[in-house]
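In the two complexes below, chain A is the common chain; its partner is chain B in one and chain C in the other.
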Partner chain A sequence: MVKPFNILSNRKGRVEGKAKVTGKALYSAEYELPKLAHGVLVGSTITNGKIIGIDTSIAKEIPGVIDVLSYWNKPNIAALENAEKRKDFPIHHTFFHTTKIDFNDQPIALVVAETLEDASFAASLVKAQYEENKDMDIDFDNVRKRVDLNDMKDDRGSSSNWQNAPHIVDQEYEIAMEVHNPMEMHATIAQWDSANSLRVYDKSQGVNAVQNNLGALFNLDPKNIRVTSEFVGGGFGSGLNMWFNTVAASLAAKQLNRPVKVVLTRPQMFTMVGYRPESWQRVKIGAATDGKLLGVIHQSKHTKSQNHHFSEGITAIAHKVYGFENVQRNATTVPLHLSSPTWMRGPGDSTGTFGVESAIDELCYKMDVDPVDIRMKNIAPYEMQTGNPWSSHFLDECLQRGAETIGWENRPTKPLQLKEGNWYTGYGMAVGLWNAMRRHAGASIEMDKKGNLVIRTAMTDIGTGTGEAIVNMAHEFLGIPREKIKIELGDSIHPKAVTQGGSWGLSSLSGAIAAASTALKEKLATYASTNDQQWKAASIVLGENEISMQGKPDQKVTYASLFTKNNLDTIMVEEYSSAGEEREKYGFCSSAAHFYRVKVHALTGQVKMDRMVIVVDAGTIVNPQAAANQIIGAGVGGVGMALTEKQEVDINSGRLVGNDFAGYHVAVNADVPLIEVSFIDKPDPHINPMGAKGLGEVGLIGAAPAITNAIYNAIGVRFRKLPVTPDKVTSSFNSSA
Partner chain B sequence: MRDQPSSSKTYSRRFFIKSSSAFAALAVIPNSVKAFYNHIKEIFVPKKEILPLSLRINEKPYSLDVDSRTTLLDLLRENLQLTGTKKGCDHGQCGACTVHVNGERVLSCLTLAATLPESDVTTIEGLAKGDELHPMQEAFLEHDGFQCGYCTPGQIMSAVACVQEGRTTSVGEIKEFMSGNICRCGAYNGITNAIQSIAK
Partner chain C sequence: MRPFQFHTPNTFEEAFEMATSKTAYLAGGTNQVDLMKKHIATPENVINLKNVSTNTIETTNDGIRLGAGSTNNEVANHPQILQHYPLVSKAILAGASPQIRNMATTGGNLLQRTRCPYFYDTALPCNKRDPGSGCSALKGNQRMSAIIGYSSKCVAVHPSDFCVALVALDAEVETTQSDGTSKTTTFEDFHRLPGENPEKDTNLPENALITSVFVPKNAFGNNIAYVKIRERDSYAFALVSVAAALEIRNGTIEVARLASGGVAHKPWRWKNAENYLKNKSATLENFEAAAKLVLSETEPLAHNSFKTGLLEGAIITALSQAADNTLETKW
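For the complex of A and B:
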């Protein structure tokens, strides 16, 4: 186990920072290939039915247009040639191999042209004929009433044990459809180097997953497919799947025998690459008079598409976060005529936590107890599902530090107490918890004659700071100056690694970096050892020009002499690592406490985030600046979730309404204060060699209920439906007046 | 001559689109009808216009032939391989494409290239002087004013304008001024702190 560290670099900022601030970083749509053609996707104008014909005659007459791909014009793909085989593939890989339309803007054609202008204009001229079925399910509020809940079959205790509890809250909570919207729009460049060799630049969170998906689709050995996602302009989950832009570019490149680039438009980012499903939940919680939480019933329903199953486990949080002795969970999914949802930052748990943390706040006001006290009293004492002890869990310290930082003791304990002009002030808090996972990942280290290292892994850096974290970890394990380390990542030619997501990226990689570092030291020990002088691998320290032995300042050998003596050009090591039996013995989680202060305007209904304090236990913090940035960004996402983000759907046509940044409001700079983040920064003793637990999701989980709880404290109105837009606030003032 | 339309007022674009697909569907069409069809096609399907354009980008002169429909953003990204300027929405809603034209901040996705004869364009690639980064680039590095880096060039170009226009008297003013540049990663602390450090 290594000690937590806070190294400040001599070089400014992240290892890849200079590329990003100078515009030199290349994202997937930005590679220059000879004869590159531009593809623009055309979406269906109906929501449910069948496409029976497509008229591309005018589009094809536009100068510069090369071809228009569709159901009626595409290369033969054996894997998709019949309906039975197509069942093995997600629906969003097969749009040109089906005539069935299940949602509005389902891709029906790809116009390929010499320039983007030619392709975009021609795409507007493609006309399709449909057999439309007007009988469709769009309105979640109505359709969900027809769909019964399923028993999750993992009850703990019994709900009958606490139905007569002295204090009970039983409420329903709803969250609108949210869309990831990373700033880089999904894009793919595909080129067939030969009939059996495919080269792809893709916006993706996992190059190996794209490689495998394309391999299955085109019946290729994944080794013959190279996928690059070196710089990824954000993900938040939208890059966990391979979507149709990747398939369409690969199909078109095959058909035309030249490289094709497909970039989605911003409106297509709302219909073609997933979203967080709209959800409903019911939370019933009972408590004893001493504040002990006795039991919970957590029920949920969320949307999905017609032909692609997706379930995100909204009620999982009921099991995890508190020491409920009685838990009942029921859930289901509701198929609608909308595109497929997918995991979005803090999937399931951030939704479920809005319900649970709101209900507990309601309970606190009913019982007149401190929301911090009731949580301190009920933190899950061990991993509730397994009975395993927590490997490490410092939610209590997060709560204490957060309360102290914001001045929780001095808050008004009742609503409508603080008013200045037309602004009411309120304080709210909530907690978040996320399973700390670790998956299979590999890394290689190459050393040259000067002792410079290149560390390679297929894992992507989607902005989380993976590259800089690798530098820090290698420095920690090897002692080598950070300036001697270069990173290459996000390419399937490098050692395989799990997709970046689920907050498991750094946790998974740390094992691989540790193993590769050990392997490198072992090789160096072998090369350095002579009959006169033995080198112990574990004690080797890599310096600027030489290796030395810890505790033996005189024992040194320069890289140059080591390489010359052994007649070497480079030293290469490659190692892989996974979680082990520690998973059978311990529970692993990261946690967060959110303490917020809001101001609510009595006339305009504006909710202003006045102060946001987030304290996080994520084990060792490997890269303090990037880690804080992650939590700040999660807080910003929480503000969007609570106050602004809602994708409107026209329930009559199934069309999205205002699906761009003018209609869909993400939180901007002025919507948030300078967010105050701090970390407990204690290593987890078992999770991985670094002791780091992961923190991408946990900063979002609990953010939204902390905001609505603060609004309640300000104005005494409980909002159980997100987002809380100003119109809802003003009408609440009107109805209470 | 009697079959020839005198102006576009006579036939609507919708009529053309409808009739053209009907024509395409018919196997045998008399030549006279085809000629008529081609004539109205020329009226209703706009021709690609290529215009000469000379301008300076990052102090380098360019003499180009540009499609009249090409935005400054697509000219930079697709024609000149200056991909530092980013496309985040193509509708002027996100700020990722911000560049400077004649010293003023401009959304390059809403600016047709052909409207910029003899203009001076500065993009993120032209901000540094050789290896020496612009102070704002240094400040973004120091304050970690980004995560994924995609909105960053636009943020930096707007940040330079924010300082030049003197909109840095408070955190609140910086945040308000910078709210046309969306960062979905939410790196707003770093962006704001970077600008404040330069303004001081």
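For the complex of A and C:
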């Protein structure tokens, strides 16, 4: 499309920034409702078995305690009244409707009290009786050996004709269980306005999904359920599902006929809202002497829970990124007595990429070729699965710019070359790729007599700067000064929109904003046109006080006169938009190149990120500051995946070990240098009106292998199991010495 | 959190009068409040020491006295500490975060509980939290467990960095008792080993409070180092840490101090290694030999033998850095 305005200015900050830093922005737990009661969940203390009774007598003696919900004390819910019906619901919606315990800390009760303090103290006094089954599957390394791989049934070419390739790498790679733990704990306030009308404030990445889920559970028309998630303190995928806190608050509010708030504790964030599953993968890659990648076998296994199927595509990435003619994929999931995993930033692909990008690096050292060259040579020339040409794909430019920025040419091509004191320095790189998607989304625009706009959509802002992006897009499409735009997000009373996630939020919204903008201009053209003067919608520019026609400086009409002439109070438009047939014709992806420099201490095992250069192709960059912010955060997440993050499980009890911010180590500022982000910033011609491709996931994908590849370059030790903690580094030195 | 009465007395006498058998004393609260939130501590009576403990830091002829109420950041950034006791500053700054160090106090630091993850999980046995219930770490995850001085009842470690510097510098703990008497304990004898009674972390009597910590003058100058190996570069407890201090004349070590955190139920002094280094030249070979000597004394558990490798590297690094007299923050 033609861009009449030079829009993507560098306005700093975010439209909601001031509200957030001054505490005016309300997160889901922060709404004050009259008679609000506080609920605290109680988790099981066994891992496998059955709950046979619950003693709430001591808990109920605590002043302020109102009730304790459990299997034995809950409102009747027709949808869950028998086992057959419960099959339609995920296990994490039905914990009060089963006595079966499948993981430790499975919710067994909700203590509701007048204050949070009363509720949490009373929760510590609830005693449950169990029939415990001491047999439990906890240890992924052991259990996975009992589970066979499945054929993914989409093999391409042959898995035999390249087995004698001159260069072959065949290795196994593992990543520890990682938890999301956004700053804001998952929280719900539920209030029944009547028997058929439910009002919910819920920390979620998608209010319409929560609306539908609750509708199914309580047999209500979703129209009678209003869900608000106006501000979200980080999602990372943990807010894609509706979890038990939402169900528990809704059940309690129904039972007690008053509003109930349930906020998870930090340790409950480790067991009740999913996590990235522990994984194993095998990657076998063969290459010809000229560096052409011939074939790949990619196999994977990852954890899931006993009663909820979750599978993420770990093995899909190799043939998205590279032009493999021969592909074999096998995968399976390994049921353990742990809570359900779920999607976590870059689900599947960031895990698979660790295997593939490590294997290719290993191949490069075997072949003595430049890891950048081999990637340039093998970038998938078109979308391999469909044969469609890429709509736009600038991974080659990402690689060139990244290499130039970090000084790749001057790196040592062999390990153990750069040493200062006990510090070894190494360079590593890897690439990431993520399908650039677009889903269904709606938006409305309301204009008042002064030409001020309110733009509304049900889509949430999960911290990615969606509001500011909408301001920029509306300014792009309408020309209207940014200061005249107000944004309202994350409420199911607004036009429906897809759940924010999968890096498709902005891409999906841009269609809706464009369509609503066009509709608004059409209305304005109709209202403004007279017999003497015709207005063409496409050429209308919205100014501070008036609309004008592009290229006709004298043709103007003020908002005031337009509204008066047509006897209007407001102008309202609402439009919806989806991807179209371009999806049949083209492949769409975002991509990133990571170029890192690390320092590794020979005696203490410390790995220090020294430089991180990330170059991203995500089409048009709609909000440069927030986009960079996303990539920086993803880079930090990559450091966590590679070096610090591992959720330990106690093999004897099945309980998580160190499940708080002291025991589980997310990377912090001290662990990262200033992360250097740059964007190719070329519009994709087909994906959506903005030409923007999603960038939420792609910054994480490839970050971890770039780090382990750099460690190899520094010290000559190949780490195939994440995270690489100091003890692994020192013991590798000791064993090589 | 269990409901409790909150008192803010103005004198030690008042504080002792308010104390019952269900009392918890509150200083900075950076550990105590966590324990209360997790129902590990369920006091009925919380006595705030804010108006009782002094935060005065005073230099005397033979050392420096840190009031029990002085915050970690007040101590770490005190000009006298920075000039004459830089090891104290470096150790403090290796721990926690600026926000926590602004609250945490000298007295509270000594009395913080272990960070053994099983101590914090009330659903699992822990002899320190619930005497006689058993030790979950003994057969469990031992990443944060001891490699020396533990017992079959408890393998927890003391989490402090500050205390590692204090034990290395032969500090003393000054206490006052409810009968009004004062007492001075060497730092080494203040904390105890778990033995049969891991529920007791220290030798502080029941009716006593820490008034101050005294650090005697030393001649180490800048020949000190604090090396901490942890899971991330800030805001993590030590896997192992090492405080080293050397008095070197003409290349010969006259006095050596070597202590560790993350290895035992108390801040640990490596006396044999110190004696070994005495009158030896400050060379890498001697530092390596001292580290080997330390390692020969450790008895890692089944799942934490990795700690010895880390400890060896940390000791060599700390001694080398101390000998270099550089005070560089990065090692």
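Definition applied: the second predicted complex is superposed on the first by the 726 of 737 C-alpha atoms of A that agree within 3 Å, B and C clash if a C-alpha of one lies under 4 Å from a C-alpha of the other, contacts with A are read in each partner's own complex, and residues count from 1 in each chain.
Definition applied: contacts are C-beta pairs under 8 Å (C-beta built on N, C-alpha and C of every residue); 3 or more make two chains touch, one makes a residue touch a chain.
Please read all numbers here as calculations on a predicted model, not as lab measurements.
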| item | value |
| --- | --- |
| Touching partner for A:D55 - first (chain B), second (chain C), both, neither | first |
| Dominant toucher of chain A (residue count), chain B or chain C | B |
| Partner chain(s) touched by A:I462 [first = chain B, second = chain C, both, neither] | first |
| First (chain B), second (chain C), both or neither touched by A:N629 | first |
| Which superposed partner A:K449 touches (first chain B, second chain C, both, neither) | neither |
| Chain B versus chain C as contact partner of A:R718, first or second or both or neither | neither |
| Touching partner for A:R258 - first (chain B), second (chain C), both, neither | neither |
| Touched partner set for A:K682, first chain B, second chain C, both or neither | neither |
| First (chain B), second (chain C), both or neither touched by A:A662 | both |
| Contacts of A:T45 with chain B and chain C, given as first, second, both or neither | second |
| Intersection of chain A interface sets (partners chain B, chain C) | 117-118, 121, 660, 662, 666-671 |
| Residues on chain B engaged by chain A in the complex (per definition of touch) | 17, 20-21, 24, 41, 45, 48, 67, 69-70, 74, 77-78, 81-91, 93-94, 96, 123-125, 127-128, 133, 137-138, 140-142, 144, 146-153, 156, 171-172, 174-176, 178-193 |
| Chain C partner contacts - residues on chain A that touch it in the complex | 45, 104, 117-118, 120-121, 124, 422, 601-606, 608, 643-644, 648, 650-653, 655, 657-658, 660, 662-663, 665-671, 725-727, 730-731, 734 |
| Chain A residues touching chain B - in the complex, by the definition given at the top | 12-14, 16-27, 29-30, 32, 38, 55, 57-58, 61-64, 115-118, 121, 125, 127, 180-185, 231-236, 263, 265-266, 462-465, 625-626, 628-630, 632-637, 660-662, 666-672, 674-675 |
| Footprint of chain A on chain C - complex, ascending | 1-3, 37, 39, 115, 117-118, 120-124, 136, 139-141, 143-144, 227, 229-237, 239, 306-307, 309-310, 312-314, 316-317, 331 |
